[in-house]
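Okay, so subunit A shows up in both of these, paired with subunit B first and subunit C after.
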Partner chain A sequence: MDRSLNLLDLALGFDQEQADASPLSGKLVLIEDCVETSGSFVLHQLMKRVLSPHSSEALIFLAFARPFSHYDRILRKLGCSLSTQKANNRLVFFDMLLMKCSGVEETKENASAVAKLFREIQETVRKLCSVANSNVTVMVDDMSLQEIASTGNSNQDHVLDFLHYCHTLTSESNCSLVILNHEDIYTSMERPAFLLQMVCLADVVIKAEPLASGLANDVHGQLSVLNKGISSNSGRGSSRNKLQNFQFRIKDNGIDYFYPGCRS
Partner chain B sequence: MADSIFRKLRDGGEEGELAPALTIEETVASPFALDVSGYLLANLSSSILAGKSKSQGLVLITFSRSPSFYLKLLKQKGIVVSSSAKWIRILDCYTDPLGWIDQPSTGVSEASSLIKLHKSVSNLKRLFSSIIEAGRELVGDGKTRFCVAIDSVNELLRHSSMPLVSGLLTDLRSHAQVSSLFWSLNSDLHQEKITNALEYISTMKAKLEPLCPSSDGQKNALESLFSVHQDFGKGRFHVRFKLRKGRIRVMSEEYHVDHLGINFSPISSVDTVVPTTKSLLPKVQFNLQLSEKERVEKEKVVLPFEHQDHGKSTEIYDGRRSPADSTIEATPLSLGELQIDETSSGKGGEIIYFRDSDDEHPDSDEDPDDDLDI
Partner chain C sequence: MAAPNVRSSSFSRNVAVVSSPQIPGLKCGPNGTTFISTGIRDLDRILGGGYPLGSLVMVMEDPEAPHHMDLLRTFMSQGLVNNQPLLYASASKDPKGFLGTLPNPGSSKEDKPTAPDLDQAESLRIAWQYRKYMENQKNSIDDYSNDFDMRKPLERQFLAGRPIDCVSLLDSSDLSVAQDHCATFLSKFLRNSSNIASIGRIAIQSFCSPLCEYSEKESEMLLFIRLLKSMLMVSNAVAIVTFPPSMLSPSTSKRLQHMADTLLSIKAIPDGDKELEKLLTGYKDINGFLNVHKVARINTQVPVILEAKTFSMSLKKRRFVALECLNQAPVDGSSGTSYGTSGSCSGSSNSGALDF
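Then we have the complex of A and B:
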């Protein structure tokens, strides 16, 4: 086994030899986390993988939660410079904190703001595809904040529409879409349509939660990876309908993944 | 059984009747409606192509997946759709349902006769007329009919209200040229009344259920997704037919989804009983049920009131002294010690009670309590 692959990579199917594309292309990956256990490290890991020097993939990053400097600092620790990638046109960073579409009250204008954002993304995807002829990954950190930012107190339909349009990118341009979302925001709702809709659309659901047995010093939480693999067509069936569980420990410059009780 | 759904959809309704309609109901924990509709689509298209079906065309309205996805799916099942196919039309409500994209991308306009882009999804009247128009392009204006498939009603419901959607579905069912109709629905995304209302306007309902359905209902739809574990991809397939006379027939099957699609098999009792009992028990440290060995041993224990039944008939004292009573009572007294030895050395414990011969007979006239100093 390749030493560079960890359990998460295996669960996502990076071990299968593929000449053409990454196993996530054309798929929607949803990362669910909660207050007790942040799932952003999965996002960082995937960012690093997309921007690794071995691949030619490009990344579009929609940041609702944190500014560029934050990601830059973290990724530098993981051995990847975001500024260089930005200069190389492999990273397009949308800092949504600065854009502020929240001030608009009218729903119609709101819808058009979301539509405008999508058009920008689509334009960027086309540009990146035509230049590098590579896979493009779109990451959103995080979707629940977009809900807050773009709709204020009105319904969540615009965000779902936005999500739908982003989903069209996966089939049209074979993009991968990686979305971080917080699950516990919706626990009080009887039927969290927004959350469930995302789960339905997702091909891979990664859930980060605290240890079921309580807090521990050397284990920071557990990950469940469910690979629905609905849009995977022939050949990639082996990881379909698989649920995998493992635990993780977050270190300064990386993550340890291990099966429960198998920590070496 | 999945076959019988397909046959009903293929044969369509009688003339002057509403077209048969099928709801494929999935949940978050068993999201395989797409596989079921893929199965039906493939079977319907091959029967249309072979001329075995009453309908001669198929109109597919896509909301949740792109048209190319379905073309790939059909290709995988061995049905190649050329862009000039005369039996299928795809109405694309997926790519741009709200008209956000200004200029059409290059990919869509290519196969324009096969795939039609539909914007403004919330206008259901226009959607209806374009479905009928697409069908007429296939089969003409006459009496020949076509099938309609809608891949997800959820998206429709998101853009417009329930009465409008059910109106659209009823309009489609009652249209003379529509021979049959099916749609899929994720029941976790909407309130129960919407699911029920859609069930009312359909003649068949096919429900996909995970192998171990969660007991605490809809609230934990997400948790149930992660509790299915290795059984994800397997489950039960319940079908309810409303027959013409008003009778209702319910059938169940098992399904198994793999990378090739969905497979149906009759329910095997052995497989299903074990996981359900396992899952129903709460996780506790001790055993709530006996193992086989424990059960056998438990059965061996002779309880005190059972010892007398060594071939003899059980006698219940009814308050009178019977003639047999005296002989039984007399013999054990003399053999008393011997018998006790025997039982103590023998296997298995026994408790033997001999009535003391000095005891008074219960039915004597004396007051049993007269020796008490009250």
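Then we have the complex of A and C:
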């Protein structure tokens, strides 16, 4: 890669030279954030990386939180046109904002809606794989909203099932799965099954937190990246199960990462 | 007629806040957003212009302080003064009655001679504003926002014949009625072109009030808010929803906070608190605190970092809502740092609820 890698890229293992596959292929990346600090910028960065002109990867994006125009505008500032990528069939954008407006009442409907969504994704993955023979990344921009959308009758299992199904894609088609969720929703629960399951399944957990010392203009928060990294395709078989901490500053055209106290 | 200055197309310059003369009550913001006024000038300034169109504003109530009502009232009045349709829902039997308590626009500047107790800094500031006022006579700022006299009820002319829809949340066992009202209301303001014809305002008071029959069904409330948010995103409208977080399970409250584009909270100020009185200047005038937790960031990933998160709410000349950063009186040592107010439990265990 000709571009310089930032700390997050390094933590995710983008520095390792690999033939064609991205270090995230076949992995589940979980991004956790909280009310004070949004983790969506990590999503944007990964989107940009997947859709970069150097790779031939494709992206399936499930938007629960924001409309296409929002992402389009952000990614354009990062130097990536979503509309073009859409036209090139490298991006498939599922607008899920109004998912489940009707048929909230019946659980069966809900189950089928989630199942239907998964089948659509599966179909798209198959199509993308057959056409471009490339890695496919599936992104969910807000899992907690999907939970709300599909748990009209407090039946949380559907989303968990969906998660498990999507997880099968990572092994089946060597997809990457990137999921954003809000951690603080679950802190008050006694046994947050949903969160624990996700953390358990995830190969990489990226956590965005505010600084303990409060808000600052030049440091927007800190990121901790746990890379469980027991992937077999890393070649060297190096087990890089390590936790890294660094701070970040979000700008319109990119994100600065730096170690605490090392801001240049 | 010239093309309006308001652009929601993808190619627009990152213009600084400029008021658009075509439609009163609109201001262009960065990243193709458009602001409407909150009805409180200070809050407009704090939030960088106002509430952006298409955003959901959530206000966390404090059971001991009614100041969320002030936010609602000024928001609604500002909309009515600018001739914007309004949808108001509350958990009272007669939501229309609330319209009688809306404040009337007044000018805090004209009262200047009658208020002799102004300190020098204050009068300087006003003089400066007044000069600016003279410079652009057909003043566009006043099209955008007004000062509201909290003691004067809104004049009839602003209420009569205006499209106001009032919904009582008490009547129905679930939220479908409110949902239908919101859907039909918002369908009038769909964002389909760069031209903004009219702006809708939705105000929902005490959304999770225990008086409502649906108050047990938290998932239904979440669904409603999610749907409202989704509909707002494609509309030229702003919704402000106040809710009491103490009535909800913590996880539901957090979910609601996550869904908010702009998140504010109200805190009561403990009466006759000696320690706090020593700490803050102007303690006697402060009615309550306003915390700004989240400022809407639409079409951008850069968070808005405010100078301060906590502001004191007071009534200037007992009429106009004013928000100010907390002015910390000089104190010795660390006596102040261990102090904090938290809304639900008034213990001093929680430090850092106030920041200066």
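In this section, the second predicted complex is superposed on the first by the 245 of 264 C-alpha atoms of A that agree within 3 Å, B and C clash if a C-alpha of one lies under 4 Å from a C-alpha of the other, contacts with A are read in each partner's own complex, and residues count from 1 in each chain.
The definition used in the following text is that a residue touches a chain if its C-beta (ideal position, glycine included) is under 8 Å from a C-beta of that chain, and two chains touch if they have at least 3 such contacts.
As the structure is a prediction and not an experimental result, all values here were calculated from the model.
Chemist: Here subunit A is shared; do subunit B and subunit C fit on it together or clash?
Modeler: Overlaying the two structures gives subunit B and subunit C room side by side.
Chemist: Once the two structures are placed together by chain A, how many degrees is the angle at subunit A between subunit B and subunit C, based on Cα centres and rounded to a multiple of 10?
Modeler: Here the answer is 110 degrees.
Chemist: Which partner chains sit in contact with A:F118 here, subunit B, subunit C, both or neither? Use first/second/both/neither.
Modeler: First partner only.
Chemist: So, A:I250: does it touch subunit B (first), subunit C (second), both, or neither?
Modeler: In the superposition, A:I250 contacts subunit C only.
Chemist: Once the structures are superposed on A, label A:D161 by its partner contacts, choosing first (subunit B), second (subunit C), both or neither.
Modeler: first
Chemist: With the two complexes superposed on chain A, say which partner A:L226 touches: subunit B (first), subunit C (second), both, or neither.
Modeler: After superposition on chain A, A:L226 lies in contact with subunit B alone.
Chemist: Using the touch definition from the top, say if A:L196 reaches subunit B (first), subunit C (second), both or neither.
Modeler: After superposition on chain A, A:L196 lies in contact with subunit B alone.
Chemist: Quick check on the superposed model: minimum Cα to Cα separation from subunit B to subunit C, whole Å please.
Modeler: Result, nearest C-alpha distance in the overlay: 14 Å.
Chemist: Please give the residue numbers of subunit A that touch subunit C in the complex, ascending.
Modeler: Going through subunit A, the ones touching subunit C are 35-38, 40-41, 44, 66-67, 69-70, 72-74, 76-77, 97-98, 100-101, 104, 144-145, 148-149, 151-154, 182, 184-189, 214-217, 220, 250-252.
Chemist: Where on subunit A does subunit B make contact in their complex?
Modeler: Touch residues, subunit A against subunit B: 32, 111, 115, 118-119, 122, 157, 160-161, 164-165, 168, 171-172, 183, 190-193, 195-197, 199-201, 205, 207, 224, 226, 228-234, 236-238, 240-243.
Chemist: So in the complex, which bits of subunit C are touching subunit A?
Modeler: Those residues of subunit C that touch subunit A are 10, 31-32, 219-220, 222-223, 226-227, 230-231, 233-234, 249-251, 254-255, 257-259, 263, 293-294, 297-303, 305-306, 309, 352, 355.
Chemist: List the residues on subunit B that touch subunit A in their complex, please.
Modeler: 28, 31, 34, 64-66, 68-69, 72-73, 76, 94-98, 100-102, 105, 107, 154-155, 158, 186, 188-191, 218-219, 221-222, 225-226, 228-230, 232-233, 257-260
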